[in-house]
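First subunit A sits with subunit B, and in the next complex the same chain sits with subunit C.
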Partner chain A sequence: MIFTLEKTKRTPSVELSEKMLVVKGECYPENIAEFSEPIMENVQAVLEKARVFDVIFELIYFNSSSAMFLFDLFNMLDDAAGNGCEIAVKWRYAADDDSMEEAGADFEDAFEHASYELEPRDEI
Partner chain B sequence: MDDLDADAIQRLIVDIPNESARSEIEKFLREFLRLKKTLARLVKHADRTEKKLEQAATEAAEKSQEVQELSKQLAKYLSPQIYSQIFEGGQHVSLSSSRKKLTVSFSDIVDFTKTSDSMESEELTTMLNFYLTEMTNIALEYEATIDKYVGDAIVIFFGDPESLGVKEDAIRCVQMAKAMATRLKQISDTWQDFGLERPLQIRMGIHTGYCTVGNFGSENRMDYTVIGNGVNLAARLESAAKPGQILMSFDTFAQVKDSIACVERDQIQAKGFAGEIRTFEAIVDEANSSLLPVNIGRNQLTIPISDLSTSELQEIQTSLEAALEKIGQNIRAR
Partner chain C sequence: MMHTKDFHRLLIERNTFFCFSGPLSESALSAISDAVKNRVFEASDKRPLATKIFAIFIEQAQNIIRYSAESIAADDEIDAMGIGTVAISGSDVGFIIEAVNPIHPEIIPRLEKNLIELQAMSGDELKVAYTERLKSGPPEGSKGAGLGFIQMARKCDRFNFEFAKDNEGSTLFIFKVEIDK
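This part shows the complex of A and B:
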């Protein structure tokens, strides 16, 4: 594992390896820059070398500043996909959670090059 | 700018001759386009969040209304003072108690068991609820803490959770008792409507003393009540009271004697108490009572004329005549 962050009351768990990024939980950190910068830096470094990279999001809630972070991350992933890395993004949400389903649908048009899939689950 | 997309960018930069400048401008426009899209998504996200907040606020308001309705229902099972203390945060609900000097009153309907045996249960329920409502309204008017109803018996105390001072609490309790007795007389014709041949009569016992008051029971189920010898004595006084009588202990009499007309009655033996207990009766209808009040400074001598024999009254008459003569001489000498 290259980079990990443990889940807290306000931030999700983050697990980054050479081939995968998994983000799970709630995201409304007190300081979004403090939370997001190390993730962006480490993901950027991995993408520079990766040829295949999978991403899984399982978020229950995120605030507006976290939305901005997610957009920036998706842009980074899509740029890497545009440069030849095979990237697959999954947006997992609880089947009865309309908000996360709608949020996931909003993110779909951020991806021109990477593949993006919405995945409803019985439980998150 | 609203129509800016990848094709539009190409159209915009196609005529720029300088390749380097064209590349920079294309990069700038693409980044601008990306930010524009991100902004649109953020606004959409914000709108969605706002909608959820509104929904949550509406649900919270509905829940709050539900809770208020429930608490109104629950309030009927609690004394208003206890309810206020809990819901205003003045009292934390836990198994705790304290020792305080309270005035405790017990009352019940004379021969209730006999009366209830002769009535149908529906009539009995209606009659009892009518009686308890009348008495409760008076208790609440005097800001009493209604401890409990046990059939026709009502247990009330003054001094907790709020107190006006031991003396004032005692005075209020006895005044309440008098008001109850008066009210019962006022509605004496009502009992016929319930099928009773004779009007109901109550008896009351009142004592002022240290009691333990608070929550008793278990963490899962508790009762706010009062216990102790003081409570027991009030109950014994009630048992010893005659129909229509408000019987109090010396401790209560000592608090109320300057404010309320009372007359000493026979001493009683009370189970669980050593020695004889002095008792005093509060006079309900002072105007029509057969009491002879004699005010001496701050003290009041109350003579129960109807309870005395002829020879006793003659003895008092002789004594008072001598006292009056002496007072006259004293005034003349000044």
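This part shows the complex of A and C:
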């Protein structure tokens, strides 16, 4: 693992390796800059060397400040995909959760080069 | 001053099962959010509904922290405070999440215009407003990019707002969001 963050009440677990990023939980940090900056930096560094990179998001809830962070992250991923890295992003959500399904669909516009899939699950 | 028993009655009559009034900071919000979450999940049997109510509560609270005209700075950002009131109540059809905070009069015209526009938008138009705002980034002085209001507008069934003069001469911004069961 290159970078990990343990889940807290207000922030998701984050696991970053050379090939994969997994983010799970709720996201409404006390300090969005403090939370997001190390993630962006570390992901950027990984993307510079990666040829293939998978991303899984399993969020139950995120606030509007986090939406901006997610959008920036997705743009970074899509840029890397535009530069030749093979990137697949999965947005997982509980099948009965309209809000998270809609939230996932909202980010579709950010992806022109990377693949982006919404994945309903029976349980999150 | 209102008698305590009348205050108690008042909260029961308006079905207000959670209320916070005073200086709110991110660290205070962290401290109370479990209590709010538990209460909201108790009151609303379905998880997606409870999460929606909670989501709106967080946006309302964070707007107070960041934008209340009465604020108290701190060394640590998470202790910076905005003064206001946020309340969650049950209604005949669902839930109401209200926020009140003092507001600087200069920002009223633009805020009012934005909110009137939001109120008139359909679900599809709100989605467009949301994606546009994500792409264009935060306006100056904003951490949430006005996204907070757009997100609340999308998640709720209706919202109302008002600018009211209080007895002390300051202007209060009242934002009331309703979610149906």
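One rule holds in what follows: the second predicted complex is superposed on the first by the 124 of 124 C-alpha atoms of A that agree within 3 Å, B and C clash if a C-alpha of one lies under 4 Å from a C-alpha of the other, contacts with A are read in each partner's own complex, and residues count from 1 in each chain.
Note that a residue touches a chain if its C-beta (ideal position, glycine included) is under 8 Å from a C-beta of that chain, and two chains touch if they have at least 3 such contacts.
Keep in mind that this is a model prediction, so the values were computed, not measured.
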Joint occupancy of subunit A by subunit B and subunit C, clash or fit: clash
What is the contact status of A:67 with respect to subunit B (first) and subunit C (second): first, second, both, or neither? both
Figure out whether A:46 sits in contact with subunit B (first) or subunit C (second), or with both, or with neither. neither
Looking at A:97, would you say it contacts subunit B, subunit C, both, or neither? Reply first, second, both or neither. second
Which of the two partners, first being subunit B and second being subunit C, lies in contact with A:23: first, second, both, or neither? neither
Please work out whether A:9 is in contact with subunit B alone, subunit C alone, both, or neither, and reply first, second, both or neither. second
Using the touch definition from the top, say if A:114 reaches subunit B (first), subunit C (second), both or neither. neither
Going by the touch definition up top, name the partner, subunit B or subunit C, that contacts more of subunit A. C
With the two structures laid over each other on chain A, which partner does A:80 touch: subunit B (first), subunit C (second), both, or neither? neither
The clashing stretch of subunit B against subunit C, among 1-9, 19-27 or 37-45, is 37-45
Overlap of the subunit B and subunit C footprints on subunit A, residue-wise? 63-64, 67-68, 71, 99, 102, 106, 109
Please give the residue numbers of subunit B that touch subunit A in the complex, ascending. 34, 37-38, 41-42, 44-46, 48-49, 52
With touch defined as at the start, can you tell me which subunit C residues reach subunit A in the complex? 26-27, 29-30, 33-34, 47-48, 51-52, 54-55, 58-59, 62, 77-78, 127, 130-131, 134-135, 137-138, 143-145, 147-148, 150-151, 154-155
Can you list the residues on subunit A that touch subunit C in the complex? 9-10, 28, 30-32, 60-61, 63-65, 67-68, 71, 94, 96-99, 102, 106, 109
Residues on subunit A engaged by subunit B in the complex (per definition of touch): 63-64, 67-68, 71, 75, 99, 102-103, 106-107, 109-110
